[in-house]
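Note that subunit A is present in both complexes that follow, paired respectively with subunit B and with subunit C.
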Partner chain A sequence: MDRNYHVFSAGRLERQDDTLRLVTEDGEKKYIPVENAEAVFLHGQIDYNTRLLSFLNKHGVAVHVFGWKDYYAGSLMPKRGQTSGQTVVEQVRAYDHPDRRLKLAKAIVEGSIHNMRTNVTYYAGRGHDFDEVIEDIDAAGERLESVTDVNEAMGTEATARKAYYSTFDAILPEGFRLDRREYNPPPNELNSLISFGNSLVYANCVSAIRATALDPTISYLHEPGERRYSLSLDLADLFKPVLADRVLFRLVNRNQIGLEDFETELGSCLLTERGRKTYGKAFEETLERTVEHPRLNRKVSYQYLMRIEAYKLKKHLLTGEPYEPFKRWW
Partner chain B sequence: MYVVLVYDMEAERTQKMLKIGRRYLTHVQNSVLEGEITEGDLPKLRGEIEDLLKPGESVILYELSSDTLLDRTVYGDDPAEDSRFL
Partner chain C sequence: MTSSTTVGGSDVDPVSLLLASAREESVPEEFRVTGVMMQYYFVCERELWFLSRDVEIDRDTVSVVRGTNVDDTAYSEKRRSMSIDGMIALDLLDDGRVVEVKPSSKLTEPARMQLSYYLWYLKHVAGVEKEGVLAHPRERKREPVELTEEREKKVEEAIRGIYEVVTSETPPPAEEKPYCSSCAYHDFCWSC
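Here is the complex of A and B:
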């Protein structure tokens, strides 16, 4: 399986010896094996040239850039291996057809609610009293069945998510408080961790969509945005609870990330380089974790689950086979 | 699949082997590389090694079906540590 590489230091990324090399500011040289790279995540200040870009393009390696304050700044994607006008036409048709779009939007919310609920029941099984929250989430799920437009579907997702976030304070130790979900910039430690995790999920979904002929800007739950790959936002909603939030709970509860891993300044609170490294490492380990897939009859990695989601969507659009959203089954 | 690759080349040709190896694996010591490789990439690597070798030179590839079978102990600094987080 191809891997993600994360660059936290500042320096220069270049093509050398037919592979990738990072030369850090203090002159250290580190190599990245290009043949098993899926994407390179740049968190530090990195110089590169066009020769590197053509080389990455040739090897189908994406670059995801995180700019000032960890904010996702954009991706440099390799040229499409897959192109299919038919797929894009069908994708737009489904978007433009109110019933079909609503059905897809509802499926995504259904999956997202299910995956949030699994996290809550997991922690309920570990001695927390989340009965009320589970009731609220279930109520949102029931309401979803009868919604008649996409905005309403968004609304039920938001209600469920609010109930879901209310459990965070109980799950996490003293010092990590959500108050309320805010970003751009995140005001406290917990918001900052959620944002960082979500942006990694988002970037991985961008890579997964790119592997298909789907157009990343045409989405169903989120409104096709002008700047963002909104289809990636749709898919990311399904995976955030399974990937980002679980990693967050684990790291904070085991004290691998503490309050000292954050820097606060002018109303924003961000992970330090050490904190981002710790989180990134745990996140990548999670992506590589495998689970038995009931329909494929083999083990697949969490990372591959995102790829499967893109394939399922494409298949639905082209053949009309019903789209079943990803729901954590284990 | 996890592999360890060791090589013995004519002194002025060692760079050529290193250059091939670095595209797939992590360079850990003089003439030694190791790392995870896919079943698809392994035959590609094998082919490149065979094309490069001259009489009198040798490459040994140790294969394990997964790194969970590997018992790896490092004394001193681990050159492969954090190879994905730079």
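Here is the complex of A and C:
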């Protein structure tokens, strides 16, 4: 039930009896098994009709549309298999309670800072001098303890992220320069790669949240309604360093993605179909990687970690038991 | 969220509350206990709390089907299923005894208590006294269960315990028990 299918080429996606069929522009036909699909990611120019959408809806398969600009364009979500008025009520209560909201927002930033820091120390161990960056990140982490509102927490995250991004130029080969983190649209290759990875993390968090009865529009760090599924933005912050950035470093440093995998159009630098395919494949492989979970006493996939995070949040909301953010422990 | 142990703000004994609810008398608050709730109370109070709050865990997970559905086919003799007040669903053997199938060797006591509760309910609500039999299909054994005075007390204690769990604002903390590994809430409790 948790498989993602990515469609990179342009063409038409249609219902063919009880399966999904992709007819590419040159007439090639591919079939996508729908029974075990969690979501279909559409990256190319894809035509579809309502017949297809109701079919996917019936099978509980989400569609994440990746277009242009910041990549993520939107999701077509099937009717939720689960709704729980009580969960939503508790979500809103926590949002409306300044202390509780702040606590959650801080926890998310704390986890996010921890996971960024882990990446920096990993590369520091591989011959880079990141002492100052680590100091800056730690200073942000300390400041976080005393922040008194959500905006400040947001600001602390931004400070840590800025320090974190300053390591990218050193970690990556010549030609990949961040200069400044910009999106909507991403102006250069590295910005573009970060955006693409982050949007994949975001979409997977949408799927993880959907598996619970949590309302994806009620969030704590981000302002609800800032984007459609703001709770996904909250969770995605925790996983971006672990998923998106690690994939990015690996692919670029191993020359699997190069400058030739981008094209610039009207000031936006976007991955080509080949580039998206390469990244998408590596990303899916990463989602399937497993790690021993210390409390569950079994191996869990990186993808399941996002699900776990949604459970943890829901558990906190329903039981009042403390929420501990995901911090990479391995 | 504050933890609360107040018994719903009423001084009424949960047992009387349950009986009054069952008899459709006017009560300060409805209180009903199903056989499954009785069973869960002895398996895991936390799970009982989740159940009472409709905490659904996962749209994909096929929830662990436990208890009375296990080994339904193990006995070929005729059984009549009946439901009383929508609260308890029991199986009667031809000889009139109430039968409860014991799901696994570990969960004997929860099954025994569920059966005892049925007998108690029949006696106090319907006014019929029945005997029960706990069936062990795997071992091809049966254990007669009688509603002794001692068992009645235990049922009533459990009803009070259940009342406390389900009216509490927070669930009892997770405690690692052998049953956890096969529980639908496992990842919910232990992902921390």
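Criterion: the second predicted complex is superposed on the first by the 324 of 330 C-alpha atoms of A that agree within 3 Å, B and C clash if a C-alpha of one lies under 4 Å from a C-alpha of the other, contacts with A are read in each partner's own complex, and residues count from 1 in each chain.
In this text, contacts are C-beta pairs under 8 Å (C-beta built on N, C-alpha and C of every residue); 3 or more make two chains touch, one makes a residue touch a chain.
Keep in mind the model is a prediction, meaning the values are calculated, not measured.
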Simultaneous placement of subunit C and subunit B on subunit A, clash or fit: fit
Mind working out whether A:A213 is in touch with subunit B, subunit C, both or neither, as first, second, both or neither? second
Is A:E284 touching anything from subunit B or subunit C once the two structures are fitted on A? First, second, both or neither. first
Tell me which partner A:D18 touches in the superposition: subunit B (first), subunit C (second), both or neither. first
Using the superposed model, determine the angle subunit B, subunit A, subunit C defined by their C-alpha centres, to the nearest 10 degrees. 70
Using the superposition on chain A described above, determine whether A:N151 touches subunit B (first), subunit C (second), both, or neither. neither
Name the contact category of A:N4: first (subunit B only), second (subunit C only), both, or neither. first
Quick one: is A:N49 in contact with subunit B, with subunit C, with both, or with neither? Answer first, second, both or neither. neither
After fitting on chain A: smallest Cα gap, subunit B-subunit C, Å: 9
Residues on subunit A in contact with subunit B in one complex and with subunit C in the other? 1-2
Note: in the complex, subunit C contacts subunit A through residues 1, 3, 53-60, 169-171, 173, 186-192
Subunit B partner contacts - residues on subunit A that touch it in the complex: 1-9, 17-19, 22, 24, 30-36, 277, 280-281, 284
In the complex, the residues of subunit A that touch subunit C are 1-2, 60, 80-82, 84, 86, 210-213, 293, 295-296, 308, 311-312, 314-315, 318-321, 324
Note which residues of subunit B are touching subunit A in the complex, please. 18-19, 22-27, 35-38, 41, 44, 82-86
